[in-house]
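Report on the structure given below.
Chain lettering (A, B, C and D) follows the sequence in which the chains are written, and residue indices restart at 1 in each chain.
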Amino acid sequence: MSITNLLENWSDFRQQHPSDDRPHREYKWAMSIDLDSCTGCNACSVACYAENNLPVVGKVKFSHGHSHHWIRIERYWDNDGREFADQGAQFLPMLCQHCESAPCETVCPVGATNHTADGLNSQVYNRCVGSRYCNANCPYKVRYFNWYDYPTTDNVWPEPMNQQLNPDVTVRGKGVMEKCTFCVQRLTVAKSNARTEGRLVLDGEVQTACQQVCPTGAITFGNLVDPLAKVGKQWMTQQVELNKDKQAKNEAEEAAKLRGYRILEELRTYPSVMYLEQLRESAI
Amino acid sequence: MEKDIREDIAWAQINKDVLKSLESPRRLYWVILLIALAMISVAVGCEIYQYTTGMGVSNKNNSHVWSLYIATFIFWIGMSHSGTLLSAILHLMHADWRKPIYRFAEAMTTFSLMTAGLFVMVHLGRLWQVYYVMPYPNERWVWPNFQSPLVWDMFAIATYLSSSVLFLYVGMIPDLAICRDNIHAGWRKKLYTVMSLGWEGTDRQWRNFRVTYLTIACFLIPLAVSVHSIVASDFAMSNMPGWHVTSFPPYFVAGALYSGCAAIITLFIILRYVFRFEEYMTLPIMKKLVRLTFAIAMVWTYLNLIEFASVWYGHDQTAKDQLIFKATGPYAPFFWAMIFFGSILPLMLAFKRFQTHLPILFVVSILLNVGMWLERWMIISPSFAHGHYPWTWDHDQWPSLVQWGIVFGSFGWFTLLFMVFCKVFPSVSMYEVKEMVYHRSLALKHKPAVKGDY
Amino acid sequence: MSKRHLLALFNDFDEAVAAIAELRGANIKGFDMDDMILKSPIEHPEVEKVLGDKPVNVQWFTLIGACTGALLAFFLVSGAQANFFSQIKGGKPIVPLPPNFVLTYEMFILGGVFITILGFLICAGLPAKRSSLYSVKVSEDQIGILVKGDESAVAAFKTIFTKHKALEIQEEAGK
Amino acid sequence: MIENSFNRRDFLKVLGWGGATVALSGCGNTSVEDGKEFVTSYVQTADYIIPSIGTYFNSTCAQCDAGCGIMGRVREGRVLKLEGNPKSSINNGKMCGLGQAGVQAHYNPDRIREPLLRNGNKGEAITWEKALALINEKVGGVKAENVAFLTGGVSGHVKVLLKNYLDALGSGHHYVYEAVAPSIVRAANKKAYGVEMPRLRLDKAKVILSFGADFLGAWISPVHFSQQYAHFRKADNGERGVLVQVESKMTLTGANADRWLAIRPGTEGIFALGLINALAAAGLSVSGDVAAVVKEYTTDRVSKDTGVSTEHIGKLAALLKERSPSLIIAGSAAEGYAHGSQNATAIALLNQVLGNVGKTVEGSSSIPFPQMAPTTGNRLALQTLNDNMAQDKVKVLFSYGANPVFTAPVSMKLKENLKKVPFKVAFAHYMDETAVEADLVLPLNSALEDWGTVMPEYIAEGAQLNIRQPLMEKLHPGTLGMGDILLALLKQHRPDEYKGYEDFYSYLRNAMVSNKGALGGANADDDTFWEAALSHGVVKLVGATVNISSHVPANGLVVPAPFVEDSTYPLHLIPAVSASLRDGRNANEPWLQESPDPLTTIVWDSWVEMHPKTAAKLGIVEGDIVEVASKSGAIKAQVYVFTGIHPDVVSVPLGYGHEAMGRYAKGVGVNAFKILDPVFDKETGELAMHETRVKVSKAGHRVIIVKDEGPAGGKQMGRKIAVRMSSDKVNLSKEV
């Protein structure tokens, strides 16, 4: 901790991260979810259980709100007063939004959740002391705490079920906060492979578990910096910008026909997940 | 009006009375001590259970990640503030009626801080890693996150605790010398001899003592304010509806002084009764104390209303929903109880007849603190039950017995510490009472004759 | 040539003051005014006044303590942040000033308090061994005057003390 | 013999080419722990096996009958996760939650680990030799026609062996039973189009009108349909198809519809005919006989009968008229009545009138190997078997891939009749309700450690033969594949014919390789062909496309008037087929129990769906425990109130309420199969699933429903969370 370092690079240290003149260099992982294709079938959620060793907590603990679904399907009705939900439901897969300016990061007393260089909102399990301040400050409430010791005392993976556990992902013990990681274990592999070949990760080269399984392909995931990436193009066409809390959609009249939006944007969390509005036919 | 204290108390008498409070306790003392220990063991039991099984047993969940532990933590921190108020602020203002009662108030400050500290630990999911919060050098250059209000808390409370302990101790040195001089054998003799640092009351010692005491007092006031505004920023700095309120820091400080004063009244009455301190903890002083409390109560009420008003008037629909939920939802009974105990009940204190009616004051002062505890709970839980994200709202998750047990036990812990203190150290500052008596008698002497030549 | 110590105890503070004044007036051979120490049960500005003003230096300690505390805090915190890049917080600079100011403020007070206490102990010469000439009365309700002077002066002291109704005069065989 | 054939070295030697189990050779899995076998070091393994790097092997999902291709991620000899097999035209690399849970069926702690022979009330472990010998003895002891084989839908080589075995026994009694199969629709399709399962081209349709077909959730081949649905919603030219769902209880598909029309139960046929009438009125050319049939189905009357507003009927007709081609699908809601066949036919007629046949309803392709073609099951089969058992015509009963004791309504008295069968053999993974009744329980390999071939009933794009190969070493040495068992049984009767085959694997390989010509490997040598087959996981079959006819017998088509009110049993019970639990065979997989039901978000329990009106009438609020009583029985469950259901209807999900099977299934919820009334479709004789009438009464206490949804329910409370806009505002073609 040299003071000289501090003083020499002072201006760098005063730069907020990331900013327009210092954008993400190689990677910025982002997602877009088309709510018009999402059928709410829950496949993504189960895939997440399989990929990320999420514990099945059982009825009692679920009833206490101790469930661990890093990606959960929310179901909304909008039949205000009408006798039937005659326009169907609105399904919304909610996962960690990997905010660019994440409320959870600043408040963690031990710095267990940070912003990675490629724009992820990381969670360092073995640094976490379980103050749960991050969850308290998360407007989306997509962080899940290990209220019990699921692997051991609760034994949620009885022999031989524990053999299914993904060796690339830690099994979290009690007292640790956890959340969606954008399948960071897959990203890491893809990145190192790319690095050995002296290139960047190509679009579609790496998929998150939820994206991979989604039967209707509602989820798109990729590198926002990569001009060829589909996700980037989607953000572009929807005119959604990462570091803004008001998009063209909200301001320009003619832009009102855009579908892209981000949830609770007004809180200036700058989420990395863009949703595309669900559509309903007006002719019927 | 009658005097705060008789000028003609013999100084030897003062020594005698106060030192008597250190003598071997009566049976009642031991009984209370045992009760306190029992309460503590309940808490310890709960904590062991929670530590081994996991945080889940406290009936928190992914919506209610914080609950009674944090609420009670704030409560105890708040309790600690009025000690500083009495000793430091009134000291600077030369309000000498503080002299007989500030000692135990300071003790209370220290002990409630020590109690509060425990709750931070109890709250942690991984208590065994708590040292991660400390900024200690390590080969990986891993530091705590200095941007986190919790880390500020850590710094602030550490500072506050150590400073108020020192303040208490320095202020006690002359009295320790008195103890040393009057107790002639046993561990007490050794203890006092060591702790009094060989104080002789020489002019040199007094001179530096005066300056030091004044200086620390000056430091302590802004410190106390900063401590509770930092605790407030745990919430004000977050984005939760019902927490993200600009007026929180002053609101918290006011609440802190409020609950502290109430606690002082309670302890005042107990000590006065137990140690027969009628000569020193006199009704006029109580009257002043009660008026002070009343004033602060009104300040708190005002800030409380301001908070509601600003939310009400503001455009943040989420925060508004939150407020309405607080007042009408499942938490409504507690909310209105808080309003009653915190804002309506203290109006009694405005009436002379109650200002010196100890039994009533005793009950009221305790109820005020109940109200203040509820306030802290009403800040925490409703915001979790009804936050930004409707899907994760949770209206029917209540603290488990484990939580209640630990909260309950914390009062035992405080009682224990305080009772031990009262028996080991003089809970009334002898030398300052002497000063008080001396100066007041001088004042009498120098009163101009009725037939003044002017 | 050996010195002798005398401690006289007074009940009436005014008498004590008078005694001091007289000691000052009658410039006794082999006795220096600075060799007089006043022992009192309470803080006693007006009595001390007659001893002539003696400087108090605690506040300097305070100043130094507070400043070092503040500087230490700011550089420790900022330096730590500057050298631990994996702790980047989205949307915030690596060295954010507002939080660091808070911590600086706390450490400013902490340093101030601690060093002040240190200063107090140094200036007040504590902890110390009690001088052999000490009476528990001093900590109760009597004021004591401790003088140091030559053999020759002792008589003079005694006369002055007795004159001002000293309750008791302790004497110590000097070496 | 089992021992030898499963000597590990040989096993691997043979499988070496297959590749699947090479991955395992590094780690003997459980068998290594108990030291029975030795570990082959990685030095000797194939070069593509790298420790800590996952290797993928293709196989076929067995969680439902859609036959999706799966791709198992294998690491250090353990299968970790199932992905979709991109080469399979059914699911093209995608999967559903149910399929994902396949690994939990495989690693399930409650699997049976060795053959069990009933001894009083408990089963005692015996060796395979003894078990098979016992079977031989028993079937030898009875007349051939008294041997019955009950299975679920079967296809591929296992089906061939099964048939051969039954032939060898001389018994023709093969009962194929599927509790929730769309058998009435099949029959109607057969009549209308000449094929039971035409290809439905959702992706080509501009409008889809589905009568309770939950094709996104649990109907026939959901993953395939979901992908077509994605195209349908966002065609390459940016056009967006319109989905209208007509049903009495909202399904997952209904929840995704542009317009969900709550219809009075059973009036689907009326609605279809009404639409034809409206279309004709709107100027669509309709043949005379049809016009004659539909003429009295005026919009007003239809609206009165079905409870669907005239406005919506009009709009729908207009939509169907202007946007062509459309696709009309008859689903379980339409077929589930005594007049289910008529309903289905009426709907087929609508398709024909709209000229969709041939456009969006295509003929599937024929299957070159009819003996391997899927035998689809129905509910009638169980009825017949049940009658035979009641008349003591069954002396030895084999049960495979079905759990009749769980899925049969109490009115059938199946359990009692089962007791009359002297010797019952169950091939099972779990000690499920049927296995508990059996005298001999034979533990099967899980789908991830077994060999086989599968031909799905619904043919997506051209017929294909799906390969099922082991993704890892057997977890439990005591289990055996169905193919191996059948082979062993066959050897008892036709030794000389089958002695050449050491095990099912060698039989399968031989069978495939010897037919490689027909399997598109004409000019590849055996090994190359076999390797390719295994590594692709599917073998495309060249089958002629079956032409689809379009002559719906319009004349004589009558759809009965809506139900008369029944004062004692005022409500209709709709047993809902949930996407994850289906008929309950997967209930012991915890992921499925904990993944919330899409519409109610309830987990780990059954519930009774009810419309707010009905609830108000009965003075019921959410969480009340109610008794749902039909003529044949009663169940108790918690009430969930929501507006996705017709007021005349209550709905209870199927698949819950197991009394056996395992720790995750047992005692969770109630079994709605039990209270189904014995009402049958007039034409096919199938049990009509939606015909049960019930009365609902409070059973006293109230519970807090365990669900993911919070106290805000489905409301967004003014927040901008899930947003919806009208489709005419956007131009999808501009989107990426």
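Criterion: a contact is a pair of C-beta atoms (placed from the backbone, for glycine too) under 8 Å apart; a residue touches a chain by one contact, two chains touch by 3 or more.
As the structure is a prediction and not an experimental result, all values here were calculated from the model.
> In terms of CA centres, which chain lies closest to the overall middle?
A
> Would you mind pulling out the distance in Å between where the CA atoms of subunit A average out and where those of subunit B do?
Going by mean C-alpha positions, subunit A sits 43 Å from subunit B.
> Just the number, please: Cα centre separation of subunit B and subunit D in whole Å.
Going by mean C-alpha positions, subunit B sits 67 Å from subunit D.
> Centroid from C-alpha atoms only, then distance subunit C to subunit D, rounded to Å. What do you get?
Distance between chain centres, rounded to whole Å: 92 Å.
> So how far apart, in whole Å, are subunit A and subunit C when each is placed at the average of its C-alpha atoms?
Their C-alpha centroids are separated by 63 Å.
> Subunit D: which residues touch two or more other chains?
Each of 704, 709, 715-716, 719, 721 in subunit D touches at least two other chains.
> When you check subunit C against every other chain, which residues touch at least two of them?
Answer for subunit C, listing residues that touch two or more other chains: 76, 80-81, 83-84, 87, 89, 92.
> If you look at subunit B, which of its residues touch at least two other chains?
63, 141-143, 145, 147-148, 151, 388-389, 391-392, 394 - these are the residues of subunit B that touch more than one other chain.
> Which of line, ring, star, complete or other matches the graph of chains that touch?
Shape of the chain contacts: other, as it matches none of the listed patterns.
> Touching pairs of chains, which are they?
Listed in label order, the chain pairs in contact are A-B, A-C, A-D, B-C, B-D.
> For subunit A, which residues are in contact with subunit D within the complex?
Subunit A reaches subunit D through residues 34-37, 39-43, 45-47, 49-51, 56-59, 62-63, 67, 69, 72-79, 82-92, 156, 158-161, 163-167, 209, 212-218, 230, 233-234, 236-238, 256-259, 261, 263-264, 275-284.
> Using the touch definition up top, name the residues of subunit A that touch subunit B in the complex.
1, 61, 64-67, 74, 94, 103, 106-111, 127-133, 135-137, 139-141, 143-149, 153, 174-177, 264, 267
> Given the complex with subunit C, which residues does subunit B contribute to the contact?
10-12, 15, 135, 141-143, 145-148, 151-152, 155-156, 158-159, 162-163, 166-167, 170, 173-174, 177-178, 180-182, 197-212, 215-216, 219-220, 222-223, 226, 230, 431-432, 434-435, 438
> Please give the residue numbers of subunit B that touch subunit D in the complex, ascending.
Its residues touching subunit D are 63, 317-318, 321, 388-396.
> Which stretch or stretches of subunit D touch subunit B in the complex?
Answer in residue numbers: 704, 709-712, 715-719, 721.
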